[in-house]
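Both complexes below contain subunit A, partnered by subunit B and then by subunit C.
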Partner chain A sequence: MAYAFEIHGLTKRFDTVTALDGIDLRVGRPSIVGLLGRNGSGKTTLIQHLMGLQLPNEGTVTTLARPSHALRHDELIHIGYVPQEIRLLDWMTVEQHLRYVSCFYPAWDTGREQKLLAALELDSTKTVGTLSAGNLQKLAVILAVCHHPDLLVLDEPVSDFDPIVRGRLLEFLLELVREDEATILVSSHVLRDVERIVDWVVCLDKGRVVTDASLDELKERYSEWRIVSTDGALPARFSEPYVLAQEVSGRQARLVVRQSAADVAAFRAAHAAEITVHPLNLEEMFPLLVREDPS
Partner chain B sequence: MTLLRPFFLLIARASVFWIGALTLLWLSVVVVGLAQPEARPVAALLDPGLIALVGYPAAAGWLFGGVIQEFQHTSFAYQLPRVRPRLAFGFVMAGLVVAALTVGLVSSVSSLGLPLMFALSCGAYCAAGVLLDPLSRWVTGLNALVLLVLTARSQDVAGFAGDHPWPAALISCGVGTWGLRRLFARSTFRRKPGRPTKPLPGRFALERSQDYERQKQAQRRAQGTAWRAGYLGPDSWPWVRAAIHETYGGLGRMGLVKAINGAWGLLLLVLLSAWIDKGEFNYVEAVGRSLYDALFRSPHVAPFGQEGGPYGMVLIVIAAAGLAMALLRPVALSGAVFHPLSRLQRARVDYRGGLVDAAILTVGVGLTFFVIGHGVGWLIGFEPRFDFMPYYFRVLLVTLILMPLGHWGRLHLGEATRRRTGNTLVGLVFGFVGFVFIVAVCTSAVAAIITSPLVELIVLTMAWAASQRLYWTGLTGYYQRADLA
Partner chain C sequence: MILVVDTHSGIPVYRQLVDQIRFGVASGLLTAGEEIPSTRALSASLGVNPMTISKAFSLLEEDGVLERRPGRPHVVRARPDRATRLEQLEQALRPVATKVRQLDLETDAAITVFRRLLENRKKR
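Take a look at the complex of A and B:
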């Protein structure tokens, strides 16, 4: 299987701080991968390694079947990148900037560019320096996708978008995967959006991969049980190993669990209670993924 | 002490010390130079005593005022309790000390009475607090004009002050009160300036200067030239063209006019110099003569060279321009855009961008010294002289040989150079002084050791090739090993 990128034993240190600590990761294509993690968990550093902008202290990073630090023009023109800190050329108009960047790529799609300008409601006559943070992000996204990239790397691409534009962008990203069979790596704290598009989730914590699983698998793995006792009061505290968090109040309880079907049956048998299983969304799941107490 | 602390905490930083020390040194050189008996004819109109009496306090006021201006327009300054009186108290106390020291220093060479000297010093100190006024270009312009006239006609001003001590003291106090009031007025603290404070783009100024940049962009239409090219491909030269576009495209077609507009102070100096020292020329010829003097025969820099021989100022200008091109505005691809280039290609574009910088410097030096210099020389009927050309070429070649040092410095200083803040500013000042010193030493050594022009040309060309080779090796190594983000 061809991988969009492969990482083996990646370690990156900045002086005494270890930003990435033995990362192993492989992402196939096409797919949309959500890169999650708390502030300072190493997401941006990881992304910069994928782009070949940073060099590992240990380990290897392969992007589009080539060591990322040795990526050549021929490979880089198949990658789209929206960095976290967007600083474009302030003195150009949006139109001038688009024309300028279009010359970097042999397969620039003007049709897609116009479609996105309209969908994201970006005025191409404005000077880049006058754009709001949100509009700057829109331009950065357009610049990153109009050359039909095989790999699109988005580092916090929607943080300044309004909900309507966010929705349109997410639709477009899905379309991009369908049309171009691209792989998209998106790092974001807006987890509801991530959840709408990703099929795979990678979660970093303190420079280590703590979760590397499909979204469906995670949804099956974690859930919330709402419990009503059918036989008197519930115990003050549940001690089952799969219970990750709990809130007990008389005959009712709310448990966050890492579950399996067998666990449900065993729990029913042990506590004589009615259980309603509710799936967790990614935002509710996030503290579990980074091993924090969800309560 | 509680009242003094805020002011002294503000000024207690390296950049204030070093800029202050350099200003003091420069002012002392000028005053001592003007006081020499063999000083140029214009010295007849200048009074070194008055220049020192007004200059030192004005320099201190300008520096301390700059620190306060930088701080007072930040988003948090206005909300601090009793910030205005506290800062004003510190500013005034420091001014009194500076004025007292200056009077003590100048009293032996000036015929003015001590109280009058103190009043003039205090007035100059307070007025200079708003010498560069970020709230009004008019005030800045007027201040600069007054300062120039005061310097250029200091003999007359000293005469007036000696003849009419009371009016002179009153005028000085009035101007000083105006400066103090403008610097510490409630409305000054409340207003948001249209441009950043100078000369200290420090830690507080950063917040404002970024605001300022955005506002400036927001207020103007795009003026850059449009880019017209097809797919750039993997070859590096088209990317060098792109780098030139990114570096200079923003200036637009009116870039040169804007640059001249920005140097209006220098033009004013030339006009004023011509006005002061016309000699037998008419005014237009006197302007030409002033330009010619500045470029080829500047007596202002006589201590650095010899009359009619190689001039130190020429060396300083060429070397500083070379370093400024390499360090502050090199032809390079901006970090603001993601360029699909391999690390080796980036090294190539940087290297070739350096060659473009060298070419621009060569053309610029040629235009400035030879075309403009000989043009104005021809205007006033001077014989064209070419005897100094080997010296100019030597300085230029040595600068070209050493320019990679500047490019190398930019790579390593990176973002810090772009922002030019705080301690980086001090580093830059030292960098420039060091670079000019190295160019001066190398130029002198080459002139002393090699006597044949042909051998000199061959040696300098070989040295340039070697420095380029070294730079290329270092550059490729850097791009192989460095984190680029």
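Take a look at the complex of A and C:
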């Protein structure tokens, strides 16, 4: 199976609003993909299409080699999904809920379940309806991973976790890739978490894919130049096509550049300037990623 | 050898690993024939994506720093020659050269400072 999922020309409208606008996306295996974007950019709608919970107006969505709206039970048991809005059976205890859900999955791993209850510090005797938002999220994560899924989709999974528990969850996600060779799609605004584990980044803006690249490639694509003029003069505005953002102040300037297209030697010669190149981390490059059209 | 990565740096993690291992071999911290932990082991101990470790290992293989052995951990090849070590030094000194020019100091003065720093270290 070459791709964990494949999306071609996906468009989705809600009344007059176009939520997804011609999405093309393919994700290979194994991989951890970060799905990023501002609020309302279409992340959750995209995820719901992967799970077959929404039907496209146009285009096709294939999840684990099946049209996602026609996923059968024997395919769904290879998928794990933690939705943004978690709805579980409030009257059960955590333990009862785990037993109930485990019945649907032949590959349910009680060892992993026990390990995660301990690592995430979730008390299995508690009633689901009394759980805090954070504890409910923990249960939803455990319910989504104990059957060794080939594809795990997490929609804002860590928002209510404290830093220690969040760290343990991230460690566990890496373990899933090592042990199960799973593909993980994680949508999150916590860019520091995303940056720690993902190898691939997809950004949405207004329902379109605006970035689809490996994290390493993005870190090598953009950088910040701190510039000091050696002869005292700098232009009021730099017009080099690879300059994406700029701040000029007297003899100094700070530029955000597309490093892969930049010519340091030519720039230095043209402006009589010393350049110090600083790499950008995911948080720093995020504004570039959500605005930029890859074409 | 202790490897340290900063996942929030703008420098890709594979790049950080390649630089550290390359320097480790050049400086003799890693010796020829020494085994490097496996992709899985390093992914677990550093808490980074296994794909990142594989990428670093393939680059180091291409550069002749590490040797791949089927089904066994990578081993360190021979310590690089003097020319390669000088190349590494040049790379490390490049930002210093920029500083010297920004401070508007003459080459001779900068070299005197550098010589003093090198010789002080020897006396201790």
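Going forward, the second predicted complex is superposed on the first by the 287 of 295 C-alpha atoms of A that agree within 3 Å, B and C clash if a C-alpha of one lies under 4 Å from a C-alpha of the other, contacts with A are read in each partner's own complex, and residues count from 1 in each chain.
Keep in mind that, in the parts below, a residue touches a chain if its C-beta (ideal position, glycine included) is under 8 Å from a C-beta of that chain, and two chains touch if they have at least 3 such contacts.
Bear in mind that the values here come from a model prediction, so they are computed numbers and not experimental data.
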Fill in: Which of subunit B and subunit C A:101 touches, first, second, both or neither
first
Item to complete: Could you please specify the touching residues of subunit B with respect to subunit A in the complex?
Response: 213-214, 216-218, 220-224, 226-227, 229-234, 242, 245-246, 249-250, 334-343, 345, 481-485
Worksheet item: If you look only at subunit C, which of its residues touch subunit A in the complex?
Response: 7-15, 40, 43-44, 47-52, 55, 95, 98, 101-102
Fill in: Touch list for subunit A against partner subunit B, complex
48, 51-55, 69-74, 76-77, 79, 81, 83, 87-93, 96, 99-101, 103-106, 127-130, 143-144
Worksheet item: In their shared complex, at which residues does subunit A touch subunit C?
Response: 30-32, 170-171, 174-175, 177-178, 192, 195-199, 215-216, 219-220, 223, 228, 230, 274-276, 278-285
